[in-house]
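One structure is given below, represented as structure tokens, and several questions about it will come after.
For reference, chains read A, B and C in written order, and residue numbers begin at 1 within each chain.
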């Protein structure tokens, strides 16, 4: 009973939040509602007995990713309303609706039903975190390491992208600064 | 010995290739000399092979390499030198060598000198492949090769314009009284090639029938097994093969091309239309004698057709004033003789006549070439006369050759023609004999009509401003061996029979001695009468047919070649032309081109329209992605449900 | 009344469609990124739900890796976005037209 109520409540809330994200003209509203939506999604994870994942969702997604977006937003002009000219809004509705229908049909079809044998069964004796940890570091070790390398690459990529060398404005700025620096030195000696 | 075979076969090819290198250049005398020398080597090799085959009675059979070897089809490039083919080789190479040397003089001032020798040597090579091949496929290769080279040689002066048709007999290209042998050289070449091609279809069908039923095209295997086929099938094969022979040897109804082929240079006529290409048909019948012996009814048809052609051609030569056409008609007539002999089963007689005819006919053409060269290419015999004084050697040679053609003892033509008449009589084909006998008289008459008009009598050319002179020494020297052969070839009849019947069936005319001598007497009589009539009438009147004759219907019919070219033009050429234009305009341009262009246009428009997708705009790209997802999901649903 | 797998899947689909709608409709690059995030999250829900209802941990594992990938994607994406903004001074989607066909 409790579960059902929680499910529907969070479902409504999530859908509402995400709808605001895609519909609103204000960038800040979009960002905030997105963050809220993420939190509500983690609620779903808790409902589904995926405790570890729920916490990870909050920490990584809402915490890190949203923070990244927030920092990114600072670069852009966020106060003014985002003006968008859309050629054909009806087309967008139509396409999306049809695709939704199809996906639902597919998922409801008898494929998603019986005869699925669990490869990594859930053990209910110990907690979910322990379970996840066991599987992650044994069966999924290689993907884990690869994901780690990928994060490393992303980090390096991010540094390089944001670094001064990639930026034509920054290089001239740096040259100016060096110039000043040299001047200062000569003045100092005199 | 095999080396001599390859030498004889490939020397002309080397000459042709060498001359081709210079085809588009100015006249280079070295081309003529080298090709003639190479032909001479081929001739020597053929003579050596003849000596070898004659003395040792050994047949040389080589398999040079495999050509087609797929599944059940095995056709090699094989060559055989047996009695029949060595006879043909000797005839072909001797005549070709003399023609090559003569051409050096005749084509002296022609600017396409080199190209001429290229085509000529290539022709000899094809002809040698034809006679030396040991299977029908090789024969066909040579067959087509001579057809092609004949096209190139007849249409040698292809830049000459077409002559319009006209009712005036002295100007129409279809009349034997006009200076034009055909509408134009390229027209004549096309006519020759196309007529040959149409007949070749018959030959191909014959070959296909042979292959389909016997599984091989090799002569020895075919002839060994031909008896196993049903009679109707062999009749069909024989008829189809003969149709091919009809095309090459210009039997009715494929005969118009031969007279029109006189548009080409005269040495070409000497080589191709006297000695070699037109005899290919006779060679085919002789080579395939084992097929024709099984079906004598086809043989009778061949003989009948041959006799018909003989007398028809002789009649057309009676009134012609175009010198080369007269000689061409006499070739046609003599081919008829050969086919009569072959049809009646006397194959060695046909071959014998082929050889002797090659000698005297080619030298007749070469002499005519000399006359034309001396008279600035004048071709109307009525515009000549009295050339004996200026061109004594040519006159002597041509007179001798004409005597041989008429069949006067002891020249070569007497022996061979007489054998043919004897074969007709011995087979109790009396109608054929009568036809051939009359033709012999006509032949004698018109050949001496030609000689009289050209070499004797009043000199008619002074108002045309010609200054005739004898040809170069080497040209006369080249014609002399042929003339000598025309005289003596008949004396070797017995040796020839003994030699050739090792390959060909023996045939003897079983006539009593009295009948035999009576026939000889009668034949010689009509020949001598023909000659005498020609000589004396000319000496008396200066002309043969009075001007009142000129208006008569029969004169007109003969002068127009029995209206056969007109018939061809109306019945075959014009409707076919209309059909071709229709196919071009309606079928090709509207349907086929439309389809091909349409396909291209669809792809092109599709691409141009599809370009709109790649706007570079990310938003539309995303929309397209969603669209694609939609399509994929539909497919999944569709196929998932149908499972 | 229990919450069945179908309910979770329908929910996942609805959220995915919202994200898809945003991707198609939005012209602002940043909003586009947001919509992508929504889609990823929807998929996560779907995976975990299926995992739980079939007693399989693979769903959670997959969702875990998706989170990792999404995070790195955001990092790089924002970096590129900032660079683009510095060049063109706009983050309108229609300005990304350089790869015209």
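Just so it is clear, a residue touches a chain if its C-beta (ideal position, glycine included) is under 8 Å from a C-beta of that chain, and two chains touch if they have at least 3 such contacts.
Nothing here was measured: the structure is a model prediction, and the numbers come from that model.
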Chain whose mean Cα position lies farthest from chain C: B
Of every pair of chains, which is linked by the largest number of C-beta contacts? A-C
Just give me the whole-number Å value for how far the CA centre of chain A lies from that of chain B. 92
Give, as an integer number of Å, the spacing between the C-alpha centres of chain C and chain B. 86
Intercentroid distance (Cα basis), chain C paired with chain A, Å: 7
Residue numbers of chain B (touch at least two other chains): 623, 626
Going by the touch rule set out above, which residues of chain A reach two or more other chains? 92, 95-96, 99, 103
Give me the residue numbers in chain C that touch at least two other chains, ranges are fine. 20, 24, 27
Seen from chain B, its contact residues with chain A in the complex are 623, 626-627, 629-630, 633-634, 636-637, 640-641
Residue ranges of chain B in contact with chain C within the complex: 611, 613-619, 622-623, 626
Contact set on chain A toward chain B in their complex: 91-92, 95-96, 98-99, 102-103, 105-106, 109, 111
For chain A, which residues are in contact with chain C within the complex? 3-4, 7, 11, 14-15, 18-19, 21-22, 27, 30-31, 34, 37-38, 41, 44-45, 48-50, 52-53, 56-57, 60-61, 64-65, 68-69, 71-73, 75-76, 82, 84-86, 89, 92-93, 95-97, 99-100, 103-104, 107-108, 112, 116, 118-122, 128, 131-132, 135-136, 140, 143, 147, 150-151, 153-155, 157-158, 161-162, 166-167, 169
Of all residues in chain C, those that touch chain A in their complex: 1-3, 5-11, 13-22, 24-28, 30-31, 33-35, 37-38, 41, 44-45, 48-52, 54-58, 60-61, 63-65, 67-76, 78-83, 85-86, 91-92
